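Below are two complexes that have subunit A in common, paired first with subunit B and then with subunit C.
== the complex of A and B ==
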């Protein structure tokens, strides 16, 4: 349905006369629907009693409207509000934070519903409703949620239309259609604002700490069980898009926290200050360029292939080649990266050598004895590395998601008794052996591998790709060299991924079973298509920050743009759009009437064939003249003429006649 | 009932048309004028069928018919009637004049003195006459067909503009075309045909049709068009004085009647255009710069200058 200026002008006269007019029943019905829809996604995280309370209050309000009963007395409402507040306080034990804030908002809306009587209350509820809609984005910003919230906004707008124009006679789905029209009209403005509104780095406002809880991801500690727990999740850690060739599987080591310090059980990071210039190394061969779209992790570290050579804005690099941002990553974050798969890191400092050889004072005597033996027999550190890998390869070691528990001397226990472990066991034992054998070594955690999504041309790296490996410093190799002891036990881990390599793959989640979907492989492919869509959403909507914005605008040929210029551009574009709309409306002013428009179209079509309507010619005279001069058109021309005359000059006709006229004119060929 | 009534209108047009050959448009205009409760002025040469038309209409519509031949010595009382003293009853008895009929043919109206003319015209306007202080209602319907001879103006009293305005329409019959003329010459005596004409409807039915006029729909765009016509006549320098509001009302009423005659429930610009020459022809006068233009040309100019809104 095209924009109808006249109808709207009529409608404007049908606004409410006073904000104290009672809310009409349809307005209340739409409002209730919108509020219930806006609150519905919260049901999963709200306490059950609050969800029930909200539903009950909404139902009660609906019942009051339906039966024409009176609203509950004020003291009862006050009591209910106090009880709900107390309930929230007892349930959450605080009044600050995201979850409790949402809970209070829901309770408030429920109470407000029961004192909503007039249009003014309706307006208040609409604004609370929009707040409720926005609060859902604190929990999810993915496509299904955003699409759902769009639908809720439509219903809310429909309710708003009925509140502001109670006498406009909007019936059935008419308010929804009006809302849709308004949203469609707002889309250009939305796009302009989205693209051009100056982005500031970091979040616009702070959120309470609990807003980021419950995010799985790699931690900066490692002990038996940390990685093998993490790989049970098929959540996406990040996605990467390569500009040129993709790295082969044995180079897909995504570097995360580097762990130096071992206390006999736990590996931890050494506090290093990141520098804002990349740590130098001698690159060999060609670099790989790629971009990473990181999911929120509430951690500061970024992932990059060994070894990263570029720093995104506000990111620093430690001496261990680890990337750290100044703020935890709590939004979808995209960065450009460059890595050299072949490198020489050069000499060790004294401090690094000291840290690279650090071991607990006591414990694991058998492992220490074995390492001392190697140290005696082999003069080249490289041979000691080979000996350790040979041990893993030749003895009966198993790669399993459910290793047995280890005792106090856990390295000894693992090496000589259980011999079943996951990456963290192998990395930990290997680095322990190396340090004991006098070779500087450290544990590197991160992700290994990733699944190529051919649909979107990018890699998906999931939590199930989490991995731990080792680095040893070898003078012959010119510095730190990567050694993956897990590859010695289960070569398939690096080549084909975890699902193919581990003893008990059935423990892995569905999406992590790369190539092992079996008869449900098509479902996995479907999930990959969906993931590709999500990736575009992340890249272009969620990760559209200051950097991406600058990149996009310079891609459009604007060159480097600062925020002031962006504001000017935004104002100019919006103003231009406004002028365009005004101009269009001005041009349309004569032909706002669909009947007239159809008739003019018909006349114009005939005029092009030399059968122009004289300015003083009435519709029937004109069509009769055309019918006489072009007998083959007579019947259709007469029908259109009759229909138009009837619509234009007859009593108010059925809208079906208008549709018919438009249809006939559209189909009319000279 | 509605359709039946309108069938009778068609029948009347057909019957009158069988008497006055080849003049269907004029007959329709005359009928519209009657339906719109207006009066008709026929301006034509003698012998063109004016009397026959009036007579045929009266017969077909079942109306009482009176013909008044206007002469220079005709007095108002000759038209209206007078109170005459009757000796037997020793009182004045009112003898109604010929005006107390439903359809009156006022022949050669411009031959009478202005005083007599205005007596008739007042009766036409008011629908009643006042004689010696007593008001008497004229019959219903009351329809006057007046004729005047345009060619010989010697010894006549041409109707002033204000009097002309009382007529809803002014038409001319004109010469019949060859075919009609031939049929006329071959046919039998008009008088005999007139005598045989059937009565097509009762006065009550005519009255009902007149009442139905109000229900003919007039849409806003049509009013726009009528207003544009009126405005143009007032603003253009071709006319001396534009159309009066009464002319506008008359135009709309006539257009409604025309639409009803064509069995349409609403008025089209074509209806307005069809009745426009008859309704405004005698109301428009050329300005001093355009004195040479005939009334027909003037109406044509008006028609062509005003756009029909799309």
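== the complex of A and C ==
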């Protein structure tokens, strides 16, 4: 072997491997490939110049490695690093946040690439590479991304093996095969950890402001335009799976933020403290049980059908039946829910009556006048409700995604001039009229409807199903009653969904065009199949958080579990798995040698007839003893004994001898 | 761990091990494994990823963190397996002169159907020698051990180690073999070769002045005489084995004598003698070596050289 003792005598390395060992060319190639793959998905959100810079630096480093050139001088690197840092600072105007963090990470990897020469640099790059992989998960945890990152991890592991010069014997695809085998063998342990490692609900400390940037969802205020903007998205808000019967379309009202306060333009929430028991009401009829798999919204509220009667862990309920979790939902979150579609909420408190009748001091005089008229003429509040709905139904009101802009007195403007609006216009105007007419009322926002995915047996509720409706308090109805003024204008909205009901459905995104995909309906159906796969992924994998973990383990029959018990369960399972592997390896080892296997089989057969081999007996002694006590077996037993002794202790035997031994043992009968 | 502590630990762990004469097969009980510095850094990385996952409630982040942890665990098993059942046997050793490096060679045999990568032998704190051992194959590793003093050099405990596959953990084992390397004194000294003398210089032992050119009668056979010198014809006549005697007038006897180096201490004397042996051999002389209590009759050739050098290497005592 090529070996140079002089060099080794000079290199007084104290450890088993010097961190100054230069990287081999294949190691650099794998490392570059892994890093480029890990950074690639970020190209969509990084500034273009940074993506170009990264590609250029990677290309440059590859060129240097290929041509055996020397690395750029340090001052140039320093300059590049400073420029990249300044560029990021100028582009993002901050150094704290998710996006800027990713940008800095990418810039750091790019600069580090150009000074990478030895093992230590390689290790740093591999570690940065794993951080890059993780950072991709902050943007997407969907199946394609996870599959892609899985492949990236394989390449990264291959690079991590190869940066060590002594492992350079792994050639061609051998590093990738090794990484594949390692990951394959690691999967059982990963699953045990994933299922049993006690999860702590996050966050542990403050997150950057842009941590969950770009998440769409209902906000906690409503102005003209808020809902009609939101419905332009076909992103999934949540999915729901019903245990028994599905509710009919006119009961698919998914309750979200309840808005009490009106300032003449904006509807906002009244800060109510959620209680940790469900708000009481008198249910009528049967309950519906279902589970909801909520997409991350970066908001605290949960959605439930009217009216929810159960609380998931860490969730409270306000007096107006809003569900609020202690932390914003920033992971896929699954919860079990129960609702009663028919209910009586009972008496109104003084505070509620006051809030339910609140109106701005001035503005919208015509609407007020109309309401005062109703109040005078109709003694039953229910009739006033009917009058308002009749107004929407009978006058020329239009349901449109692009309502005209409204002036300062926007309720008046809408009711008497434009008469074109989306659900927030109708809900807002209706509640205004009711309050002015002396009927306690409030705006409820949420989602209405949803598309049944027959393939997966669940409902998909998209942002395009966002809706706003009203609730009025009627003594005759025993409490709060839901009134959907939009249904008076466009009855199809509730029955068939938005696409069928709105004036300008072509503005809706493709997936929101329920039942109206036209010649591309098959494509929509395909998308639904894909969605059902996503739903399973969400339900079983992504939604597996602290609460679901407890639920799952309790469901196995352990009763309520705490983290200490979970740790014990995890340790025991891991230990059990370890023992299984050891046991399996033990068996493999024992039966590795075909000669020994044949001999053991032979001995076992004799032992069953009471002729057990003593531990002191060699093969020849043993067979001789058998031959004496059972003369009829003598010849075959002796032959086997001699053959075995020859194979075991003699010079390396021919494979025909082994075949013969196995044959004889197989034929041997006591 | 401080150096002294480490050595004590090493001594404690290997207290039951005796130097082996046979090949050593590394079994479970003698393979140890610990994280490397890189391994500790990786553990920190895992902690970072874990906190990151908690903070962002990122389910796939957890899965990724756990996957990397499981891979690290798997790499522990693989590092252990990379040494398990490896057979190490010492090879032949050539003598060296003091000041040179003794070359201890070892054969590593892999009985498994899977190749082993990055297995190293390390002597003390020297940089380890890595090699790959192919499936059911073997590889040779040569370790250089500095031979500082003449005599028999034992390399002592060797470390067999590997960081395969990811460099996060180091598995190692200690082996020690019953082997040594003969170290000749360093050939050093300013004196030129002593003058050769015809006939004996007085010592009664041996066959002084025996050459190969001029026939000088017979003498009785003594064990160790070359069969070529036996006078077969004469032996047939006399029933006794007789050996032909020659005297070599052209090349007088050269005696490398301890006593010629009068007052010097032992080691420089041996070094000078060593240098003389090499010089005499290089000039093609016949030479004998005379040490207190030991005398090697004059001859030349590789065997003679070895005999003399070995005598010098193993010389003990002798003040005077």
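Here is the rule we use: the second predicted complex is superposed on the first by the 555 of 670 C-alpha atoms of A that agree within 3 Å, B and C clash if a C-alpha of one lies under 4 Å from a C-alpha of the other, contacts with A are read in each partner's own complex, and residues count from 1 in each chain.
The working rule: a residue touches a chain if its C-beta (ideal position, glycine included) is under 8 Å from a C-beta of that chain, and two chains touch if they have at least 3 such contacts.
These numbers were taken from a predicted model, which means no experiment stands behind them.
**Student:** So, A:648: does it touch subunit B (first), subunit C (second), both, or neither?
**Tutor:** First partner only, subunit B.
**Student:** Report for A:164: first if it touches subunit B alone, second if subunit C alone, otherwise both or neither.
**Tutor:** In the superposed model, A:164 contacts subunit C only, not subunit B.
**Student:** Under the stated touch criterion, which partner chain does A:20 make contact with: subunit B (first), subunit C (second), both, or neither?
**Tutor:** neither
**Student:** Does the superposition put A:521 against subunit B (first), subunit C (second), both, or neither?
**Tutor:** A:521 contacts neither subunit B nor subunit C.
**Student:** Does subunit C touch more residues of subunit A than subunit B does, or is it the other way round?
**Tutor:** C
**Student:** Output check: A:616 vs subunit B and subunit C. Expected answer is one of first, second, both, neither. What do you get?
**Tutor:** Touch status of A:616: first partner only.
**Student:** Over in the complex, which subunit B residues touch subunit A? Could you list them?
**Tutor:** Spelled out, the residues of subunit B in touch with subunit A are 217, 219, 221-222, 265-270, 273, 303-310.
**Student:** What part of subunit C is in contact with subunit A in the complex they form?
**Tutor:** Touching subunit A from subunit C are residues 36, 38, 41-42, 45, 48-49, 51-64, 66-71, 73-75, 78, 101, 103, 115, 117-118, 120, 122, 125-132, 139-142, 144, 146, 161, 163-167, 170, 172.
**Student:** Where on subunit A does subunit B make contact in their complex?
**Tutor:** Interface residues on subunit A, with respect to subunit B: 596, 599-600, 603, 614-621, 645-646, 648-651.
**Student:** In their shared complex, at which residues does subunit A touch subunit C?
**Tutor:** 1, 3, 5, 8-9, 11-14, 16-18, 123, 127, 130-131, 133-134, 137-138, 141, 146, 149, 153, 157, 160-161, 163-167, 169-170, 178, 182-183, 185-190, 193-194, 197, 199-205, 207, 211, 330-332, 541-545
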